[in-house]
Every structure is written in structure tokens, then in C-alpha cells.
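Per-chain residue numbering starts at 1, and chain names A, B and C are given in the order in which the chains are listed.
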Amino acid sequence: MRYHLDFGFIWKHFDRLGWGLVLSLELAAISILIGIAIGLSLALAYTGGGRAIRSAVAGYVEFIRNVPLLLLVYLIFYGVPSIEGFAYDATTSFVITLSVYAGATLVEVFRAGLAAVPRGLIDAGKAIGLTGWQRLIWVRLPTMFRIVLPSLSNAFVSLFKDTSLASVIAVPELTYGAQWINTNTFRIIEVWAVAAPMYLVTGYGLLFLLQRLERRFAVH
Amino acid sequence: MLFAIQSLPFLWHGLLVTLQVSALVVVFSLAGGILLGVGIVYGPRWLYWPIRIYSDFFRGIPLLVLIFFIYYALPLFGINLTSFVSVVVALSAFETAHIIEIVRGALQSIPRGQNEAAKTIGLRFSQRLVYVIAPQAVRRFLPPWINAVVDTVKGSALVSLVGIVDLMLAIQQVIGRTYIPMPLYVLGALMYFVINYSLSSASRRLEARFAYIRE
Amino acid sequence: MASSESVVRIRGVKKSFGANRVLDGVDLDVHKGEVVVVIGPSGSGKTTLLRCINLLETYDEGSIQVDGVEVGFRDGGGGVRKHRHDRELARIRADIGMVFQLFNLFPHLSARENVMLGLQKVRGRSATDAKKIAEQWLSRVGLGDKFDSLPGQLSGGQQQRVGIARAVAMDPKVLLLDEITSALDPELVGEVLTVVQELAKDGMTMIVVTHEMTFARDVSTRIVFMDGGQIQVQGTPREVLTATGHDRLKAFLARIEMKHH
């Protein structure tokens, strides 16, 4: 191998990786919050709604989940502005894309979570005279959240890895930073040897922390 | 809109490349995943950690990072693969890790008593696997595996970023010539959708069928 | 072979799960045609001992021979014992039958196919022969109308009778019965115990772990009481069940009496 490992270049440009990682986490965090809002509303609509609503929700979910995320990224960043005649910056565009994607994934998580709330709890709520809305807010949703906590954790870590796609529209997250270093310093092996572990450690670290949180709150 | 229709043959070729890549990856990852999945569940103890580390590593990094690494770094190790081969290698390595987990889940969901009862009537390991374990594991394996196939097709879109003219890159190139992004993205989305939706409905139908057979 | 030679010969078996001594030096002989019932409190090691006989559990010290063959180990030369490989074990296990507390029927196979599997793949019978033998045994256990039923379509008692048919169709030298009625609803226990009684009458050598004291009293030729990983008392049903000298046995029997009333 006529290649000389030199990590010096990496440390020199490390803030592209470090701040990139921070941005990746921020993108994932914002997207999952918006995704939870979308997913939960749609799951509730689906559970309570008639055939028209259920078809609409199913249509949205099926479309987003069967199309590559990359295509969605392009579609929203390049495609939508060309129709509406406006432009937005890459980061906003990506957050919208990832939130829509997260929302579609989470609809099923929340739907299953709501269905998994034990009948006995709902009956108990009825028995003490709570209305439908009150049962939803005070009994079903809190219970559902504890049930879906593991799925939410996994979804968050998944989204964190998906933020790597933001690099294709030049959002300066971790993968973009690594690409930049790759192309500009030719320290190919070193940069990926640093970037990949950064994803690994952050991803599993998050899972570990979230699992500890789960143990305090989750219910089986 | 006329441009979109005229570009169909070009998109069609891209679609074929997408299907080619996906098919190869599905076959390699299925073989590798089953082998390593059975190995981690039934194999000797020293096999556990290597397979486990492989699985956790390739599921812990983004697919894009893996593709970039294999595409850019492998030549430096003296391994000169064509772009096509390197993306198939990257995607296969990635998917194999996921298949390992699916196989593992399917095998471990079978009660221990089944393997014990099979031992008790004198079946050897290979016989236990074929006549008792596999028939039960397959039912739990197929639905999540089809989801993995869908993920493979979606993941194949990333090969467009290293110059492979799959459906995704074909769309990009047509847009580059015609300047009408939206209709083409929608058309491309529809093409991916048709493939993947058929796969995922097959998965749902299978799940429903098997639920009936379950004890 | 004289009928006084042991079918099952257990010597000095010890086993620990971590710090827990589950089997603490067990010696036992079982002769052809005997029905040995093993009783004892939970944790006494009785199920573990049974599962050591066909090596579903390994053990740390001691020897278990079935029909003269050391089950778990072979002679590695120079007095060294080596664990048997899966293939050898499979052949030995074919001659030892086991019926489980949780039935463990193969859910994807019909009752008939459950019984046929061993006959075809291990005993090498043709499909037609295997079918005939399977149907004979299923009829003998009272399931002549259930050949094509899947386990999921059968009651607990019926499933357990298929389990018995599956084990005895292999023509084993000894039959191991691991609390086979503990998971059954009370009204289904009788049909299973009747089948076992029939097998005993026909001369099947059996080692039975059970809580069913009436069965133990009526069907067994010898009762073994285990506690703390060791055999404490053994003898004829009359001797053991009207135990005078042994405190722990008396206490155990008293508890069992109370439970069944």
C-alpha cells in the first residue's frame, strides 16, 4: 500500500466533523419532534376516522415509505420550489423532508401503540366517568407513550443515520464534512476511519442512554 | 410533459440497473445473512462475537458512509473494483447485517422445547434444522425479510451518488437536460413505488396467511 | 442380557449451576420393565436428573449409561473422557424416549406426521411403513380420528398423548416422562395417565417425574425421593409413601396431601 496514513489533516479540519456531528443530531432531533407531531395526529385520525381518512393516511404512509429517501430529498429541495416559485435553504428543506419521512414511519408505531393499550385501563377510565377526550389525554396517550418508547428510541437513532443524506444537498453535517475533507485533502482512509466510528459511537451511545431512560418509564 | 414521456426509455435503462443491483444484493445478503444468522444462534461460542461485531458495525453506520468508504478507500488498499462491483459489495455487506438480525429473531422465537423434542427423537443437527426449525422459522422470517428487500431497493438509489446510472441518476440526468424537475421526480417516485408497494403488500398478505397457521 | 441388568445406570452424577449444587452425587439403577417414579420438592434436581439421562443437560461429574452405552461421553483413550458429537448423541438418543411437560409437538406437522418424522428420518422407515406405525400408535393412545389434526387443533390431553405416541413409536429402551400432566387441566390428566398405565403393563421401562401421588402409588414398581440434589429414600410404593423414619419425606408428603385436598 503506497499510502501514508496522516491523521494530522483530520485534526486540522476536525471542526467540520465535530460541528457536523452536532448538526446531524440537531437535524435528527427536530425531525423526530415534528415527526412525532405528524405521526401521532395521523395515527389518531386513522384510529378514529372513517374510510376516507384511513385511505388518505394510508396513502401518505405508503408513498413515503416505498420511495427512496434520496428521491424525497431531491423532490422537496429541487422539485417543489420549481413549481411554487420560491426557494428555501438546504437545511430547512432537509428538515421538512426528514420530518415528513419520520412522520410516515411513526404513524404505524403510534397506531400499534394505541391498540396495545390494555382494554382494562380504558374501561377503568370509563368507570370513573372520564369522557372520550379525557380518557385519550389522561389514560391512553400516557400509556401509549410508555409502550412505544423503545420504538421511538430506535426511530431516533435511525433518523440520526439518515441525516447523512443531507450531504447531497450540501448541508454541512457529518457526512458532508467528511466528504469535504475527502475531496480537499485526499486523506480518504483517515477521514472515514474517523467519521464512521463517530456515527457508531454516537448511535450506540444514544441507544444506551435512551434504554436507561426506558427502564425508568417504559411499561410492558 | 412531452419531454418526460420521451425520456422514458432512458429511465427504463436506469430502472434495469436499479433492479440488477437490488437483485444481486438480495441474493448475496440472503445467503450471507442465513449462514451467519444460523452460525450466531447455533454455532460454536467463538463464532458469536465476530458475527455480532460485524452485524452491529454495519447496522451502526449510515449506508452512504459505507458506500463512500468502499468506493474511495478500497482502491488504496490495492483492491481495484469497478464502481458497479464496489457498490454491490457495499450494499451486500450492509444488508447482510440486517438479514442476520432477521434470521436471528426468527430462530430465537422458536421455543427451545422444539429443538429438545427433535433431539429426543434422535434427529441430528442438520435434520433438526431442516425438518423442525426451518419450517417454523420461515414463517417468522419472510415478512421482515421482504421489508429488507424493499429497503435494499430504496438503498440502491444511493449508488447514483458514485456515478452508477440507476433509475435515480437517470432521473437526475433527464432533469439536467429538460429542466422540469417535478414531473420527473414524481414519475421516478411512482416507478419506485410500484416495485416496493407490490413487495410490501406481498409481505402483508404472507403475514396474514401465517398468522392463521400459528398455534 | 439378563433382565436383572440395568437399562439405566447412573453413578455419582454431580452438577452445579454456578454456585447452586443441583445434583450432588446421584446413584440409580433402573431395570428392564421397571416403572421408577421420582418425587421431591421443586429444586430437588429431579427434572435435571431426567434431562441428564439423554443429555439435554450436561453434568460435571459422574456417569450415565443406557443399555451399557455411556450417553454423554466416549473413551478418548488414556482414561480421558470426551464429549460425544451431535451425530453420535443423535443415535443414542433415538433409543431413549422423552415426553415433555409442555408437549413440544411440532406445530407445523399433523399428529401423524409428528410421529412419522423420527420413524422416517432416524429409523429409516419408508413413508408407507412409517404411516402405518404412526397410525397404529395414535389409535392405541385413543386418537384414531385425529391423524390429520394439527397440534393447535388438539386439547392439552390429546397433544400429550400424541407426544407419548411420538416417543414410544421409536421403540425406545427407556421412556423418560417429565411431569407430563403438570400443564394439563385436571379433567384431562386421567386420559394421559391411563395411556401411561397401559404402557407400563406392556413392560415399558419408565422413569417418571411427577406430582401425581395416586399414579405413583398405583403404577410404579419403585419410588425414589429426591431432595437437595440427592436421592434420600427409595423403595416400593408402600415403603416410601408410608414413610416413618425420614423427616423431610414426611414433610414433603404432608404438603402434597394438603395441596390435593
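In this section, a residue touches a chain if its C-beta (ideal position, glycine included) is under 8 Å from a C-beta of that chain, and two chains touch if they have at least 3 such contacts.
What you see is a predicted model, and the numbers here were worked out from it, not measured in a lab.
Colleague: Based on mean C-alpha positions, which chain is nearest the centroid of every protein C-alpha shown?
Modeller: That would be chain B.
Colleague: May I ask which two chains are joined by the most contacting C-beta pairs?
Modeller: Contact tally peaks for the chain pair A-B.
Colleague: Rounded to a whole Å, what is the gap between the Cα centroids of chain A and chain C?
Modeller: Centre-to-centre distance between chain A and chain C: 54 Å.
Colleague: Could you give the separation in Å between the centres of chain B and chain C, each centre being the mean of its C-alpha atoms?
Modeller: 45
Colleague: Using Cα averages as centroids, what's the distance between chain A and chain B in whole Å?
Modeller: 21
Colleague: Would you tell me which residues of chain B are touching chain C in their complex?
Modeller: Within the complex, chain B touches chain C at residues 111, 113-114, 116-125, 127, 131-132, 135-136, 213-215.
Colleague: Which of the residues in chain B end up touching chain A in this complex?
Modeller: Interface residues on the chain B side: 56-57, 60-66, 68-69, 72-73, 76-78, 150, 153-158, 160-161, 168, 171-172, 175, 180-182, 185-186, 188-189, 192-193, 196-197, 200.
Colleague: Using the touch rule from the top, collect the residues of chain A that touch chain B in their complex.
Modeller: It is residues 1, 3, 62-63, 65-72, 74-75, 78-80, 82-83, 161-165, 167-168, 175, 178-179, 182, 188-189, 192, 195-196, 199-200, 203-204 of chain A that touch chain B.
Colleague: Mind listing the chain C positions that touch chain B in their complex?
Modeller: 54, 56, 86-87, 89-91, 93-98, 100, 102, 104-108, 117-118, 121-122, 150-152, 166-167, 170
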